[in-house]
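The following pair of complexes shares a single chain, subunit A, combined with subunit B in the former and subunit C in the latter.
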Partner chain A sequence: MTYLTKLSAAALSELLVSRQVSAVEATRAHLDHVTAVDTDLHAFLHVAGDAALNTAAKIDARRAAGDVLNPLAGVPIAIKDVLATQDMPTTAGSKILEGWVPPYDATVVARLRAAGLIPLGKTNMDEFAMGSSTEHSAYGVTRNPWDRDRIPGGSGGGSAAAVASFQAPLALGSDTGGSIRQPAAVTGSVGVKPTYGGVSRYGAIALASSLDQVGPVSRSVYDAALLHDVIGGHDPLDSTSLTDSWPSMAAAAQAGLKDGALKGVRVGVIKELSGDGFQAGVTQRFTETLALLVAAGAEITEVSAPNFEYAVAAYYLILPAEASSNLARFDSVRFGIRVNPDSGSLTSEHVMSATREAGFGAEVKRRIILGTYALSAGYYDAYYGSAQKVRTLIQRDFAAAFSQADVLMSPSAPTTAFKFGEKLADPMAMYLNDVTTIPANLAGVPGMSIPMGLAPEDGLPVGLQIMAPAKADARLYTVGAAIEQLLEARWGHTMLSQAPALTPTEMFASEEGAV
Partner chain B sequence: MPKAELMDFDRALELFEPVLGFEVHVELNTKTKMFCGCANEFGSGANTNTCPTCLGLPGGLPQVNKKAIESSIRLGLALGCEIAEHSRFARKNYFYPDTAKNFQTSQYDDPIAHDGSITIELESGRLVTVEIERAHMEDDAGKLTHMGGATGRIQGADYSLVDYNRGGVPLVEIVTQMIEGAEHDAPEIGKTYVAAIREIAKALGVSNARMEEGNVRCDANVSLRPRGSNVLGTRTETKNVNSLRSVERAVRYEIQRQAAVLAGGGTITQETRHWHEDTGITSAGRPKSDADDYRYFPEPDLLPMAPSRDWVEELRLTLPEPPAARRKRLQAAWGFANLEFQDVVNSDLLDAVEATVAAGASAQAARKWWTGEIARLANAAGVAADSLVTPAQLAALIELVDAGTLTDRLARQVLEGVIAGEGTPAEVVDSRGLAVVSDDGALIAAIDAALLGQPDVLAKIRDGKVQAAGAVIGAVMKAMRGQADAARVRELVLERAATIE
Partner chain C sequence: MSEITAEQVAHLAYLARIDLSPLEITSLTHDLGQIVDSIAKVSEVATADTPATSHPMPLTNVFRDDVVVPSLTVEQALSGAPDRAGDKFRVPAILDEE
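And now, the complex of A and B:
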């Protein structure tokens, strides 16, 4: 039943709805594939096999009883470990939360369950979503299915790798500065950061509250849209959740498949997100894609966003500042690990210090220290205050750009997947990898990454980023689906069908044993 | 500092001018907490009123309680404050185990209310206007209980327990401007100011305003300025002074202590101080400088608020009569002497007396019952007087006394019946058979029997020795089981003694 894992969520859904395939069969096929490949890839931190099969059996029973279920009922899904799940450990990739099982579900998780999706497990990530490579996970790296010596992107490397390696057709991610889109780009999958406030953050372990947004990860634009429709919409438990009623993203994606969907669409190409620092193959595929768009009737204009230059700097003040406060609660008192100091008295202060010293990784400590400093009396105006002003300027840049264009485009990341360790010693190099994705978070606008080819020089996936005005998420799905269709028609296949076949790890083991 | 080393209060005032400031926390009595749906309830089992948000669990997010905003605005208006057109929450970052998120969600730059004042009247009749700098909203911390030590304090404790039921309960912190010119009245100003805040909060109905339950908590700032100097002295902040009398004592103590330190050539450390109710002294807490860095920044999980002017004006219309004005009006209407009125106010029975009068009782009778028998019973039972009977029940009881149906002594028995839940006063009178026997026939029969049974007494009465009637009256009252009007019995005894054969 390997073929079941190769299906899109939409295709699998059709088989489930018509009862040609049971949810138990679909779930077992994916769990078998996880067993076969994930010891090597390590996309999952936790696999809930029994619970998934039980849930699937219940879905089958309900469908057999004639209940009308969400079309995605019975489709397996992987959940980033940043989201609270009451039946699975939730660690956010950190030692400090090792073994913690929340007493509640994040709103998006509750909505998945209500729709009948089957949670397979929790996916690896950079600790507290701080990173662009998943190398900062306290539980080891996740390997890129395209090249096991390379990073799967980050922070949501686990979700992207799980989807790209066919361990799950869908996954949830969270995107603070690109943590959904950049992993999608470097693994050849699709990832969407919705409009800020479009999807509930309740139960998503906060990195930077004003930037975080939960979103879908998938292998096609339409699949992402289906998942977006399940998780999106107002949640009274998240005060920053928008009260708007949203159009169907799935319908928007379908609209993109019609002839002439791109005709007259004004595409703004951001001048500042090109040139120096962009890998040649990335630029080449981007230029080719734009040519394809022109041929399909889109109008390309170059737009300038002069303040994007300051985006990374502003981001690395706002994010650490908010994170330093959000991560204060990890103190050993109510949940998570507790570490007593080697010497000295066991005061709460000493125990908190020892716990945080042992429980947080180096990158987390670096950002807490940066943020604490940026918020300090006497520095606030110069750092946090100035960064907020830059944020306003970037929002104005977007407003100006969107007055000339319906959507904005850039490469999703300046490079293809880099090798493990390549940027670990140089935080600035790591931070700059998110130069393309950070502006959307600072402005709260939605962004999507879809694959646009392989870079000729290394044969690795390259992502196209599409951005739309706030609340115009549907436009992303229409345009994204249209471009995806054009590209796949030109290639004659989907991007991920070209990923190297993964060898089951059991075979590695027996081969080694045979030596 | 032992009390013996304090400087004499009058001497301290000769050398120094006290400058005061108060931060009063008022706990709002909303049904649910400030930022989540958990019950705001005193006395529940430890950690039962909690959820991911108020426990600070990973992923928890705040939602603003609209009722708390409304109460804060009403409190701000009652303090004569401006209500901000734009207000927002800010995070006050510090680590402490009773603060689940390790930051308090408070307000910094943009408090909901600012720039108000209230005028308080001292016992001497002196009026003092206290300027209010701001009133801001924040969430309360949980409660720590230190276990294993001898004192219940953190020093010497083996471990501490924390109950987060109070964590996230809405507070309004009211901060005064510096109060100068207090002079000898400084301690009384402290007490009277806090009493006024408490009274306003109670009148608005926004807080239960019980200091003994921590609904109103006061931090008292005191500094001394040497006479002739225009430089402010270093201040101390005495935390959590939780009764009116303690506020008065703590301010007095700090004036005397600081004066002794300064006169001895010492310096005052800017610090928080703990108030010790038992010994009546303060002790050093933690150093507190103006540079204390809480790394405030706007709370990104909550949207800024913009209370509409229409809403604010609507709320202004709901404000009750200011308590000070109400007191003046009621005292005049009831004709109470100052001491009588103070007794009512201090016993927290103003509302009860007012409602009883409204139900038809005379003011004096209402006062007498509430501050007398009912207060006594409440005190014995350890409950609030107004929880025992309703003003309507008391008014009905008083009416029975006024009509002569009950004597005071019988009325006290009826009151016990009412408190015991036996029904209305009239029902208790019926069921217990307590009405005054006003049937002269029954009385005359009893009197005749008594007179004839004691011929010597009858002879004495007939001889004009009227005081001898007492023995007969006693016997009659006993025969009637107390249910007779003694005055009427006396009349009839004299009448029958003259005519009986």
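And now, the complex of A and C:
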């Protein structure tokens, strides 16, 4: 049954609907693969095991009884540990929440369950989603399935690695400054950050409330669209949730597969997201992809977004400021661990300070202190106030660019996956890694990353970022599916079919230095 | 150059309610100085006539009807608490007796 793990969610869904394969068989195949490869990769922090099989058996019974279910019913899914799940621990990668089982489900999780998807477990992430490498998880790193000495991206490295290593066909992620798109890029998978407010954040542990967005992680554009249709739409429990009605993203993705889907599409290439700092192989694959688009009838224009240069700076003021406020809830009273101080009196204030010292990792402390600084009297106008003005300028840059183009494109990340430890000692180097993805969060527009080849110099995946105007998420799926089809036709295969095989035998051999 | 001092970091840590070791204060003072130098450039383009944006979508206050809806039970609400007393959260003393 190992072939079941190689299928797309759409293909698996067809077998489930026609009852050629049962949900239990599909779930067991994925759980077996998790057992085989995840001791080494460590994409999961928690595997649901029996609970997943029980859920699958219920889906099979309902299907056998003739119930009409969502087509994705019975398809396994991995859930980023930032999302509250009432039957699984939810830690956001932090020691401060070790073992916490929330008393409720995040809305997106409730919608998955209602549609009959099978939660396989919770995936690893940088603590509270602060990072671009998953090295800041309190529970150890996740390895990149393409090269186990390299990062899987972050903060959603666990979700991306789970999907890229065929442990799950689908996963949920969250994207505050690129945490869905950058891991997708470096693992050769697909990731979408929807329009701000397009997907509910109720039950998503907040990092930066004006930037956070939940979205799909998958191995194909169409699969991401199917998942987007399940989780998207208005949620009265999230006051920032948009009340718009949305078109079917799956239909939008299918429209992209028709002949001539790219004809006349105006593609804006952002001048500022190129050149210095971009790896040669990344630039090469991007240029080749643009040539492919031209051949398919798209019109390429260079657009300028002069204020993107200030996006990383603005982001690293706004995010820490909001995070320092959001993380104040970890006060050792309502949830999480409580640690008493070694000395001094046992007051609430002292216990809270000792708990946060023990429970937060270095990057979380760094950002809380930075945010506290940015918000303090005397600095507020110069830092936080200025960053909010830069946000206006970046929104104006997007408005000007979208007056000339239907979609904007850039590489999803400046480089391919870097090695563990390479950027850990230099926080600014790590932060600059997000230069391509941050502008979309500051403006609230949707963005997608799809694989566009392997960099010739290191053989590692390179991602293409596509951005659309706010609320035009469907356009991403049409254009993304069209480009994915063009690229796969040219390669003669999917990107992830080229990933190195992960068999337990091979892994042990490599640990012994035999390969 | 920004002028972040160790005393300042210690004060920020107090405001943020995180006990920091002397070693952490030293390394954070260094990191913060570097980061603040890099991000201070926002003030280069943030002119007085540029309006601030706090939120990517223009949203106004969102209200719901004032009706009772299901909520967590007391047991659910207390399920994650590190300490409880009956139906309440038990907290350490608020005031210092010293």
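We take it that the second predicted complex is superposed on the first by the 505 of 515 C-alpha atoms of A that agree within 3 Å, B and C clash if a C-alpha of one lies under 4 Å from a C-alpha of the other, contacts with A are read in each partner's own complex, and residues count from 1 in each chain.
Here is the rule we use: a residue touches a chain if its C-beta (ideal position, glycine included) is under 8 Å from a C-beta of that chain, and two chains touch if they have at least 3 such contacts.
Because the structure is predicted, anything quoted here is derived from the model rather than measured.
Engineer: Now for A:P183: first (subunit B), second (subunit C), both, or neither, which partner does it touch?
Structural biologist: Touch partners of A:P183: none, neither subunit B nor subunit C.
Engineer: Look at A:P236 in the shared chain and tell me whether it touches subunit B only, subunit C only, both, or neither; answer first, second, both or neither.
Structural biologist: A:P236 contacts both subunit B and subunit C.
Engineer: Please indicate which partner A:M352 is in contact with in the superposed arrangement: first for subunit B, second for subunit C, both, or neither.
Structural biologist: So A:M352 meets both subunit B and subunit C here.
Engineer: Answer with first, second, both or neither: which of subunit B and subunit C does A:A92 touch in the superposed model?
Structural biologist: Once the two structures are laid over each other on A, A:A92 reaches subunit B alone.
Engineer: Between subunit B and subunit C, pick out the one touching the greater number of residues of subunit A.
Structural biologist: C
Engineer: With the two structures laid over each other on chain A, which partner does A:P103 touch: subunit B (first), subunit C (second), both, or neither?
Structural biologist: A:P103 contacts both subunit B and subunit C.
Engineer: Is A:P194 contacted by the first partner subunit B, the second partner subunit C, both or neither?
Structural biologist: neither
Engineer: Classify the contacts of A:A377 with the two partner chains as first (subunit B alone), second (subunit C alone), both, or neither.
Structural biologist: After superposition on chain A, A:A377 lies in contact with subunit B alone.
Engineer: State whether A:S325 touches subunit B only (first), subunit C only (second), both chains, or neither.
Structural biologist: A:S325: touches subunit B, not subunit C.
Engineer: After superposition on the shared chain, which partner residues are touched by A:Y202: those of subunit B (first), subunit C (second), both, or neither?
Structural biologist: first
Engineer: Based on the A-chain superposition described above, do subunit B and subunit C contact any of the same residues on subunit A, and if so which?
Structural biologist: Common to the two interfaces on subunit A: residues 100, 102-104, 210, 236, 239-240, 324, 328, 331, 333-335, 348-349, 352, 372, 376.
Engineer: Along subunit A, where are the residues that touch subunit C in the complex?
Structural biologist: 100-104, 196-197, 210-211, 236, 239-240, 242, 307, 310, 312-314, 316-317, 324, 328, 331-338, 341, 345-354, 356-357, 360, 362, 365-366, 368-370, 372-373, 376, 382-383, 385-393, 395, 427-428, 431, 441-444, 470
Engineer: Which residues, counting only subunit B, touch subunit A once they are in their complex?
Structural biologist: Contact set of subunit B toward subunit A: 51-52, 55-64, 91, 93, 95-97, 100-103, 160, 162, 291, 293, 295-297, 300-303.
Engineer: Sort out for me which residues of subunit A touch subunit B in the complex.
Structural biologist: Residues in contact with subunit B: 83-84, 90, 92, 97, 100, 102-104, 106, 201-206, 208-210, 236-240, 321-322, 324-325, 328-331, 333-335, 348-349, 352, 372, 375-377, 380, 384.
Engineer: Of all residues in subunit C, which touch subunit A in the complex?
Structural biologist: The contact residues of subunit C facing subunit A are 4, 8-9, 12-21, 24, 28, 31-32, 34-36, 38-47, 50-57, 59, 62, 64, 72, 76-77, 79-83, 89, 91-98.
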